[in-house]
Amino acid sequence: MKRVKVSRKAHFNAAHRLYRKDWSDAQNEAQFGKCSNPHYHGHNYELIVSVEGEIDPETGYVMDMKVLKDYIKSEVEDAFDHKNLNIEVPEFKNLIPSAENMVVVIHDKLKKILSPGQTMEVVLYETPRNFVTYTEQA
Amino acid sequence: MKRVKVSRKAHFNAAHRLYRKDWSDAQNEAQFGKCSNPHYHGHNYELIVSVEGEIDPETGYVMDMKVLKDYIKSEVEDAFDHKNLNIEVPEFKNLIPSAENMVVVIHDKLKKILSPGQTMEVVLYETPRNFVTYTEQA
Amino acid sequence: MKRVKVSRKAHFNAAHRLYRKDWSDAQNEAQFGKCSNPHYHGHNYELIVSVEGEIDPETGYVMDMKVLKDYIKSEVEDAFDHKNLNIEVPEFKNLIPSAENMVVVIHDKLKKILSPGQTMEVVLYETPRNFVTYTEQA
Amino acid sequence: MKRVKVSRKAHFNAAHRLYRKDWSDAQNEAQFGKCSNPHYHGHNYELIVSVEGEIDPETGYVMDMKVLKDYIKSEVEDAFDHKNLNIEVPEFKNLIPSAENMVVVIHDKLKKILSPGQTMEVVLYETPRNFVTYTEQA
Amino acid sequence: MKRVKVSRKAHFNAAHRLYRKDWSDAQNEAQFGKCSNPHYHGHNYELIVSVEGEIDPETGYVMDMKVLKDYIKSEVEDAFDHKNLNIEVPEFKNLIPSAENMVVVIHDKLKKILSPGQTMEVVLYETPRNFVTYTEQA
Amino acid sequence: MKRVKVSRKAHFNAAHRLYRKDWSDAQNEAQFGKCSNPHYHGHNYELIVSVEGEIDPETGYVMDMKVLKDYIKSEVEDAFDHKNLNIEVPEFKNLIPSAENMVVVIHDKLKKILSPGQTMEVVLYETPRNFVTYTEQA
């Protein structure tokens, strides 16, 4: 069967701050600029999760999109939405919540849904003009 | 010459229903949920067709986008637009019109336009939040 | 207090057909073209519901958007999504489901949520390039 | 001369929290739900500022869009971007930063740019699905 | 019958230059900046044409959108697309092709399609962040 | 470390004309149609520049997006915006400014920012429906 990639968009809002605890405020300001504001700032994150695999000839599906949608909701939206990423999300207790680190964390949370032979790609928009992509290699 | 991918968006509206003729209504409902509604439902499908190949140094084109646009219109838009996919489109008489199957069917219809050394990718949005991608391997 | 308009987007997919039962197929074809296809076609409808009113100084809200979102879901999305509008939605048993008629029907279903002094506007996108607007006069 | 409305889009990111200082945490949670998270959450705010007035026959402009763009930047983007609205923006020290209150505050900051006979409308998207509009009456 | 507004999006590309023939290059540069570049620059213009009127109870239409689409094509798209507005479009021989003047010219070209009691609104996007609106008063 | 792709959108407006100086007007018209209009036409070009590389564990960045944004501005936006590509941009003095040639030229201008082990992809939208992609191979 042909390999096809199925993709689902999701959405969450969160506050975050880019900084290293082991750096001074001045060092953080020099490296991260206004993104290191100690009072936090926030984003509407747009998420696109894609699963690539063979089409199941019985159903015409690579993966039931309803199942994927519900899994994204429980693993990512419920965990991140309306949260302060630095304070309330355990994965970022000791990891800077940059978009690059976030997309890898999200991939790690979601990849358990894959069947053998399937791979996952995750795209995360931090703003309409800035986004990051993590593509798992087959 | 450098290889570049040129892409063209197109659009069609259609009704469809996901179900297997050899399954009972209860089986179809269990597998496909409201997508198996016997009275049909429908979508505005957004289509992106991409051709990858070398730039022709004489024209600066990989492929004339006007030619690609007209070919998509005659092969896909005229065949699918304002149609009931299950009843009126021959390719889906015995094939479930899932987005995955549709994107492969569309690729099969369009690939005849390629010159040697060119490959094609097709993306199909079933809704603004659900889409599928079929990428032909070189 | 200042009057502000708060707006919420929603989404549903449906099949429909434009035709009059009292006209012949030829008359319907002449008037509605491919939109009168007896086998139906469909759309992803995008809906924007706006409520205009004074800001409540206690909460800073005109209307709680969560309440509006849930009301749109129960009154419109649950009633129309993945349905055949002509067959399965009672309001269109004897009313052509044109976008114009749909936007008035949706306004009628939703206006019960308004408080005195509030007015409602409804916008319905039938395709990304065609949409209709009904604005209730104060 | 004909009256025309000219519109300019802008963008900022911020953190905020919806709550009343004179209410208990339980009261705030009951009213504002997860929007009252004490650790804040955030948004990418999209802003559309429109000025309606007569076309200047000498320039063909209602207002020079470059001037409007620069004014939005100095009055709104520089004041709000990458900020915590509750803590760092003086207008919200004692005013809940709901989208409704924000759009009125933004209008108040920007209306000084208007010439006699011109009016201003401000639209603020808090998320791609939630937005508010304040239209000054002529 | 209820009054509803039906809207149709269209698209054209064109080159233009903002300048007054009776001004020196320096005056034009001071007023219009890089928009007065003597070698021209260009835009993808997005157009939204809306007709407001009563719903025809026989068809459920305010206006047949196919008729409106074809009229926009013949009056605006065919006249402006891939053209140099200053040189090739007669309406701008002696009128600066600012977005404000363009939206009034487009309204004048299209308003002949209206039936008694109908009004027209035209929105013109010069870029994704700059747009203008002309609303005919009833 | 995981390899992630970071992407940044930018924007410029320009006029251009597709033609070969060594062909007659009739030959150019036959090959390029209205795109060869001697008076030029124009576009709002949307640009997406992506850099793929390993995440720097110290900062959580593949590349500082502010640095990438500023580099795109100085190398591409300042060089192309509000310009006539054929006349005012040296790279197109003897190269047809087709989207395919433009995307390769832009990649050549921007690739100097890459660190060892990083690769770059450039996407250029000529219109909302036509775009091209150049992906540098690792």
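Letters A, B, C, D, E and F name the chains as they come in the text, with residue numbers starting at 1 for each one.
Following the convention adopted for this analysis, a residue touches a chain if its C-beta (ideal position, glycine included) is under 8 Å from a C-beta of that chain, and two chains touch if they have at least 3 such contacts.
Since the structure is predicted, the reported quantities are computational estimates derived from the model, not experimental observations.
When the partners of chain B are compared with those of chain F, the chains appearing in both lists are A. When chain A is laid over chain D using CA atoms, the rotation angle comes to 180 degrees (nearest 5). Taking each chain's centre as the mean of its C-alpha atoms, the one that lies farthest from the centre of chain D is B. Set against the Cα centre of chain A, the chain with the most distant centre is E. Same-residue interface: chain B and chain C share over half of the residue numbers found at their contact. Just one of A-D, C-D or B-F has an interface built like that of E-F, with over half of its contact pairs in common by residue number: A-D. Between chain C and chain E the centroid-to-centroid distance comes to 28 Å (mean Cα coordinates, whole Å). Mean C-alpha position of chain A lies 33 Å from that of chain C. Shared contact sites, meaning residues of chain E that touch two or more other chains, fall at 128. Viewed as a contact network, the protein chains fit none of the simple shapes, being neither a path, a ring, a star nor fully connected. The list of touching chain pairs reads A-B, A-D, A-F, B-C, B-F, C-D, C-E, D-E, E-F.
Against chain D, in their complex, chain A makes its touches with residues 11, 13-16, 34-35, 37, 39-44, 46, 81-84, 87-88, 127-128.
Within the complex formed with chain C, the chain E residues making contact are 2-10, 50, 55, 58-62, 65-66. Only residues 18, 20, 31-33, 95-101, 103-104, 128-135 of chain A touch chain F when the two sit together in their complex.
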